[in-house]
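Sending over a structure as structure tokens; questions will come in a sec.
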Amino acid sequence: MTPNRQLTAGQVADLVRGRLVGRSDVEIAGVASLERAGPGDLSFLVSSRYLPYLERSNAGAVLITSRFGNVATGPKTFIVVDDPYTALARVLTEMHPPPAPIWGVHPTAVIGRGVCWQGRISIGPSALLGPRVELGEGCEISPFAVVETGAQLGDQCRIGSHAIVCGGTHLGNRVTLKPGARVGTPGFAFASQGSAGHLHVSHVGGCYVEDDVEIGANSTVDRGSIGDTVIGAGTKIDNLVQVAHNVRIGERCLIMAQVGLAGSTIIEDDVMIAGQAGLAGHLAVGRAAKIAAQAGVIGDVAAGSTVSGYPARPHRDVLRQAAALKRLARITPYLERIVETQR
Amino acid sequence: MTPNRQLTAGQVADLVRGRLVGRSDVEIAGVASLERAGPGDLSFLVSSRYLPYLERSNAGAVLITSRFGNVATGPKTFIVVDDPYTALARVLTEMHPPPAPIWGVHPTAVIGRGVCWQGRISIGPSALLGPRVELGEGCEISPFAVVETGAQLGDQCRIGSHAIVCGGTHLGNRVTLKPGARVGTPGFAFASQGSAGHLHVSHVGGCYVEDDVEIGANSTVDRGSIGDTVIGAGTKIDNLVQVAHNVRIGERCLIMAQVGLAGSTIIEDDVMIAGQAGLAGHLAVGRAAKIAAQAGVIGDVAAGSTVSGYPARPHRDVLRQAAALKRLARITPYLERIVETQR
Amino acid sequence: MTPNRQLTAGQVADLVRGRLVGRSDVEIAGVASLERAGPGDLSFLVSSRYLPYLERSNAGAVLITSRFGNVATGPKTFIVVDDPYTALARVLTEMHPPPAPIWGVHPTAVIGRGVCWQGRISIGPSALLGPRVELGEGCEISPFAVVETGAQLGDQCRIGSHAIVCGGTHLGNRVTLKPGARVGTPGFAFASQGSAGHLHVSHVGGCYVEDDVEIGANSTVDRGSIGDTVIGAGTKIDNLVQVAHNVRIGERCLIMAQVGLAGSTIIEDDVMIAGQAGLAGHLAVGRAAKIAAQAGVIGDVAAGSTVSGYPARPHRDVLRQAAALKRLARITPYLERIVETQR
């Protein structure tokens, strides 16, 4: 995508508070990987794995960390920073500032009685705000989004197209819901009546989504049954994730695509859960734990640990056991024969 | 959430046909877990696991089963019932009756030619009913919901916001589709033409969803290819579940979030499938079988059995094998050496 | 579903270029499986597994391959073809031609400034085209679909109800998005700021979806971060699939429901990925590889190979190891004792 603003290498260095090695007047018209970058592009080196690409790269300038300082010589222009990825994020935001919202209320939007907001607001075509919805300053409600009766949003929330904020939901400031996210839906709870089927249990708990949370496209977050569902400040949730009723997620967690969290499970701060992992209900996951992709967690997870597999256990054990099984499978008939003869 | 109606402990006991032990005049203003309940709250004890919380609880009254009858003494007020969870469901519905629908057709709704319904109906903003749709009495069609040409709905169906009922779909009575559910979409079937790609196979089968079925947010149910897809009466399906073409699900099944059912698989009555489990196509799952979370089922499952793991097998075997592998991994080098020397 | 057009067995044979064995004047009023077919139905035999059903079948005519030629005698009418499934697809399309689109722009649609299209177009109720969207000839935009600012669509694209085509997305010709698909959403990328949380990394890459691609209901495809996300011509993607930023999928791949592809992974042509499989990021999957259901792929996959399990490995090894473990679990205590005595 052609950026809206161009920079020189010197301006990039100022922006990211980096040290410039080379020519400050190199003009940066875009950002690209080392492989694809041309002389007008800024690139970046985040891992030694990509060092071989650096030499061949035609990039006009390269963001690197001082760890790779020894390469920052020669004809190329470098910008040395603590964290090239953070620097890249800042440059991208500078070069591609998000389009300004169209402030105002589109004539096709439907606004319920008693809706109130602060300052300016952007409400897109056919968006729907139910009665008594409260919004902070600078919220953007995209086309076909629904904010149901009485829901509360803080400042600068961005509700994507077709996203739904159900009644009983409270969003903090700067919460982003991507397209198709459903937040605060009644959960899945039934009291069995035997052959008479399942009696639905009403959900009357809240759904609290704190500041700076992002919830991905088509993800679903159920409201609490009688307690609350809580997603802590700064936590980021990817696409197609399921968060069941009464789940409590701490701050700054990263939850990748297609993860499923069953009811009442508690996740502490800074936990990372990789794609397609599933956690049973009523568990506790300690601070900064890492849960590998596709892990099936059926017990508590200790703070700081890394688990994988089904049933999830320390990742080191999973690898060791997989290696052992591979070796044992080769000698299984011999082992059986030995047992047979020694019995 | 503040309830709409308050009750006394005596009224609760009458409502749930329970035996009151203690003061009938305790005023119940809400429902909460034992830990969080205050003197104005009703709480409940469903498992002996939570007995320690009971003593410390400040709950005004507690629903318990006679199994825990020995604790139903002392200063607290108890309501003794057969099943506290069912009683809780009844109390919640009494205290938080669902808001009455806004009967009538919103002016922004689009109604096709030949649509007909019985009695009263609630059609929300921007909802869309295609030509010749038939609805029973008391249906609620939420904002942005789409009911396509010729689809048929029974009485008191609730079609959530953004949900879609495709052509060829027949819903029974009291069917609930949560927001974003897609029911009756054409399935995934192609005849390979080698290097010329894949030829789409038209889907002309029906999609029958029987009485009292609930389908979760953003779940997808494909219509039959040439036969029908069927979801039996009283079955409840959670969020983000995939039901492929020609699947036949029996009555009163519980299917948790993110489960995937491949084409033509048959699930008998009262089956429970836990989160993220996947079933291959053309399988048969017998009555009342239980399929554990994340199980990967690639063969038939016997009635009444419990399976887990990949490939799914009796859960007992999975646990035994996991324990065995853990022990074997510790002695693998020794076993290899023994085989080496005895070969 | 009652077909719109009826055929005789002779007309079917002509249509599919098959050899008729039996009566050409059998009237075909529908298509059904061997079990369910009546005298007015065409049926088909695709696998020897269903041979027992053939004899009992009441089908008026049966599509078979010459491989089963020896059964194509007796009272029944047969149509012998190379590939009965392809023939079936052609017959279904002939008998149930898709309803002609309603050409024109519905009065409730919202069309941005500078939108342009070729020839005729069908834009349904409440559909939304942002500024400067470009469409080819004969596109169908369903109700509540959103095509965002500047997105480009080729000829005869079909955008399902509630589907979203985000800015930066380029669709080829005959691309189908099923209901609720989200294509070109910004991906999940953050630069960690430690206790200060996660800094969002803007997505400025494109999303290229080539000719004849189909994307399933509620599936999500993220746009590239700084490179592009690409889905190759003829590839078919089922429901609830996640395709992360910068993924590159080749041509004619089949990707089943609930699969997850993490960022920057490269899938070559003709790959098949079964349901709920997950692929980690930055991997390469070689041409015509097969990835089994629920496989957890954390390394490259060789062209032509078949992998399964977690971590994914050759399917043959997975089965062998599962069998070995079953046997070893029975003798684990004996093996421990032997090691103990020989240590």
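Residue numbering begins at 1 within each chain, and the chains themselves are lettered A, B and C in the order written.
Convention: a residue touches a chain if its C-beta (ideal position, glycine included) is under 8 Å from a C-beta of that chain, and two chains touch if they have at least 3 such contacts.
Source: prediction; values computed, not measured.
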item	value
Between chain A and its twin chain C, rotation from the CA superposition, multiple of 5 degrees	120
Interface composition of copies chain A and chain B: same or different, split at half	different
Centroid spacing, where centroids are CA-atom means, of chain A and chain B in whole angstrom	26
Touching two or more other chains - residue numbers and ranges from chain C	108, 126, 144, 162, 180, 218, 240, 258, 276, 294, 310, 325, 328, 335, 338
List of chain C residues in touch with chain A within their complex	108, 110, 126, 128, 144, 146, 149, 162, 164, 166, 168, 180, 182, 185-186, 188, 190-191, 193, 195, 197-202, 204-206, 218, 220, 222, 226-227, 240, 242, 244, 258, 260, 262, 276, 278, 280, 294, 296, 298, 310-311, 317, 320-321, 323-325, 327-328, 331, 334-335, 338
Contact footprint of chain C on chain A as seen in their complex	1, 3, 31-33, 36, 83, 85-86, 88-90, 92-93, 95-96, 98-99, 108, 125-126, 143-144, 161-162, 178-180, 212, 214, 216-218, 233-234, 236, 238-240, 251-252, 254, 256-258, 275-276, 293-294, 308-310, 322, 325-326, 328-329, 332, 335-336, 338-339, 342-343
